[in-house]
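Shared between the two complexes below is subunit A, which has subunit B as its partner in the first and subunit C in the second.
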Partner chain A sequence: MSESLKLSLDRRDGLAIVYTDGYINNQGGEEIARVAYELIDEGYKKLLLNLQGTKIVNSIGISILIEIIEKMIEIDGSLAFCYLTPTIHKTFHIMGLAQYAGIHEDEPTAIRALTAEA
Partner chain B sequence: MQEITLTLPMLRDLELTASKTACAIGEHIRMSPDKIDEVRMAVVEACINAFEHSSATAQKVELTFTVLGNASDPKGLQVTVRDRGKGFHPELVEDPNLEAKMRPGSSKRGWGLKIIRGLMDEVDIQSSREGTTVVMRKLW
Partner chain C sequence: MTRLLDSHCRDATAWRALLGAGRRAGDLRLALTERLAAWVADRGLPAAALYAVTDGVAQRVAATGASFPERFGRDEQVPGATIFALPAVRLVVQGALPDAESPETWLLAAGVRIHQLERQLEEQHFQARFRGVELEALYDVGLAIASTLDLESLGEEVLLRAVSLLDARCGALYLLEDGRYRLLRHLGGGEAEQAFDRDDARIQDLLARRPDCRRSPLADVAHLLAVPVEIEGQPRGLLLVADKESRRGVGPFAADDRRTLSLFANQAAIALENAKLHRLALEKERLEREMELAAEIQQRLLPKAMPTVPCFDVAGWNRPARQVGGDYYDLRQLGDHRWTLVVGDVTGKGMPAALLVSTLRTALRLLGDRMAIGPELGEQLSKHIFDSSSSNKFITMILGELDDNTGVVRYLNAGHNPGVLVRAAGDVETLASGGMPLGLLPGARFADASVRLEAGDLLCFYSDGITEAADASGDELGLDRLSDLLVASRARPLPEVMHAIDDAVSVFSQGLPQGDDQTVVLVRRRSA
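Let's turn to the complex of A and B:
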């Protein structure tokens, strides 16, 4: 049984949005990281992960997201999430991710928050 | 239906089979969707811990889903995840701290037990050289 994560991108002025569709496990996390690092190399410093299509993640996938957050901090960038399920939101809270990444209810709110940052 | 047992081989993504079973039982006993989702995630984490850390010769995990109370008046759902691996000392597992893990070069892993304890109402772990049993309860 393999549950491949699908990703799609929306590049905007100064901000890139990565849409996830499926289970974020270690392979899914690595795929998100691959895309994120490519966007960083393209010069994007503001990334939004829209998780509306993701109903479940595992801690290995999240640990890879932490690596992405670390990279964003290194380049003085910002990472945010939106459309987390209540359980994923609670899990991120358990882990303390909100200290390092924005967590927003929906995409417009997340975009406003990211673009308001210097 | 009071108890369901499931044996899963330790194969990639098979933790999702366990999580789907948890969902089905949770829906059957009319647990709230949010609680079902929390059970589902905890089950995923418990399975992954067994897959990754047990080093079990018999590459399988045994799960038991038990309705607490009775079918007409359930009090919650208990999930037991058992492996026959090498065991570990739960009391020695460091509580992960994100600030420490954000330091360059630090491992970002090690969140499974913290997530399980944060999502479930009661967690009991028994472990020895004969294996590990994680008992998790989500109450009404």
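Let's turn to the complex of A and C:
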């Protein structure tokens, strides 16, 4: 597994999807935050993080994701995750991310949930 | 506190709201920034900043203007500014400040302390929840160990958990095999050495409290933590993580981290042991299946019953040492009045020996049926075995061709135990070797010989499992004892002679486990 997290984007109508590939650590988390805040500045209020390419997230990465969630809440936006590994899924539940962000099995389900929100 | 705010602050209402319940994270920082800006404006100062001090490092909380550093250390100065030290707070001001300790200043400091304490509480709450993640991780790894024996995936599971829980930037799991630590899994970071010796001088240093990262098997790391993977005190591997992350960069691992990593190393050790035992069990099962199959093959190769030879009594008997042996015997008709009898002994045991026995049997039937016993037959058989087997496999064999009319036995002994011929009067002759074992060397030469059986003469072909049966002191039964037994029982029915040989071997070996296959073929010319 490479050290640096790689990201790719898919901008859709009112919704942006960020695909992660690699370790969400300090460096990876900062990169996700940078992209997320840029998207927010562009006016996106619905953000989906597709973690299919990520097997590992550490506590620094989690704390940065929490900050992104808080920022989305501030702007009355929504953040969701999909394709979490069972380990990451459980970690997000324990750490409370599931209370403030949607967690979905796959991308279509996540998109439907996000677009159904007002 | 509220009366203090009312008497000394211009915007007490805002302060009360901000200190009350229901405000969100970040609001206090915003309020501090606004209050600081008002404070600066009131005093006609260019700019100021508020810092919260933790572990000797001052971290910026609020500032007016962009010229203040994000953080500074205990003994550092901020260029062009004056630092006022308040308890756990620093007020950094550009320009002169006549009333550094005014009530308004103290209130700002109190706001910074509240912000700092809230952040610390959030961090502690976060860490407490993360401890739950650690416990769940250990539980999950335990479940994974119980549900799979795939060492690769278990190794990855252990390493993923260890690296993420310790906030490491990278990690590696090495397993000790054949005297070398070999890389099983590597995550993150730069290159990792694929293998290094068990006795590598770096290992003790790696396990020390502050290992020298320049000698690390993980390249380009500044902080390393390594623990052994052990089973009952014996090393089985190494688990390493490097470069503990924080928001400020990377740093050394804490004492608790060694404990956590050791817990995962213990899990890895259990997984290794389970995988090894499973592998051994699978191998044992495979070998048992192979032995069963080889035994089946071998049983099919041996005669199911001895034929009836006019004017001769014949008997044959074989008992393998283990499930499958390397001994072979046969007695069958070649043509009118011609019979072939053979005892062979293949090197090795198990399936390879069974397959070579099969090769011998086929060669005897193909070549022996067309060629008379003689040097050429021996050479052809030896060449066939040499070409068909691996370099360390060969066959000893004594092969005879009996004419039931004349009683003449032409024989060829390829490195086998000498046959024993007991005359009716009790004299003993041996049918010695006429060549080396089949398949031992290419181009081997052989010589044949013949004897004539008269009425009452008893011929015995046997394998070395009979004469080399040993007692507890290592003494062997030997050719002499066998010959004496044959002389004593030469007139008895052949089944009784077989029993006598079997009993003699059992008694002599004093119940010790059978060390080699045992085979006997007996041929006696009946009295007229």
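Keep this in mind: the second predicted complex is superposed on the first by the 116 of 118 C-alpha atoms of A that agree within 3 Å, B and C clash if a C-alpha of one lies under 4 Å from a C-alpha of the other, contacts with A are read in each partner's own complex, and residues count from 1 in each chain.
As a convention for this text, a contact is a pair of C-beta atoms (placed from the backbone, for glycine too) under 8 Å apart; a residue touches a chain by one contact, two chains touch by 3 or more.
Nothing here was measured: the structure is a model prediction, and the numbers come from that model.
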Clash or fit: how do subunit B and subunit C relate after the overlay on subunit A?
clash
In the overlaid three-chain picture, which partner chain does A:52 touch, first (subunit B) or second (subunit C), both, or neither?
neither
Using the touch criterion from the header, give the chain among subunit B and subunit C with more contacted residues in subunit A.
B
Have a look at where A:23 lands relative to subunit B and subunit C in the superposition and call it first, second, both or neither.
both
Who does A:95 touch here: subunit B (first), subunit C (second), both, or neither?
both
State which residues of subunit A lie in both footprints, the one left by subunit B and the one left by subunit C.
1-3, 23, 25, 55-60, 62-63, 70, 87, 90-91, 94-96
In the complex, go through subunit B and note every residue touching subunit A.
11-17, 19, 34, 37-38, 40-41, 44-45, 48, 96-99, 101-102, 104, 107-112, 114-115, 118-119
Please output the residues of subunit A touching subunit C within their complex, sorted ascending.
1-3, 23, 25-26, 55-60, 62-63, 70, 74, 87, 90-91, 94-96
Could you pull out which subunit A residues touch subunit B in their complex?
1-3, 23, 25, 55-60, 62-64, 66-67, 69-70, 73, 85-88, 90-91, 94-97, 99-100
Which residues of subunit C touch subunit A once you look at their complex with the stated criterion?
24-26, 126-127, 129-130, 132-133, 136-137, 140, 160-161, 163-170, 187-190, 245-247, 249
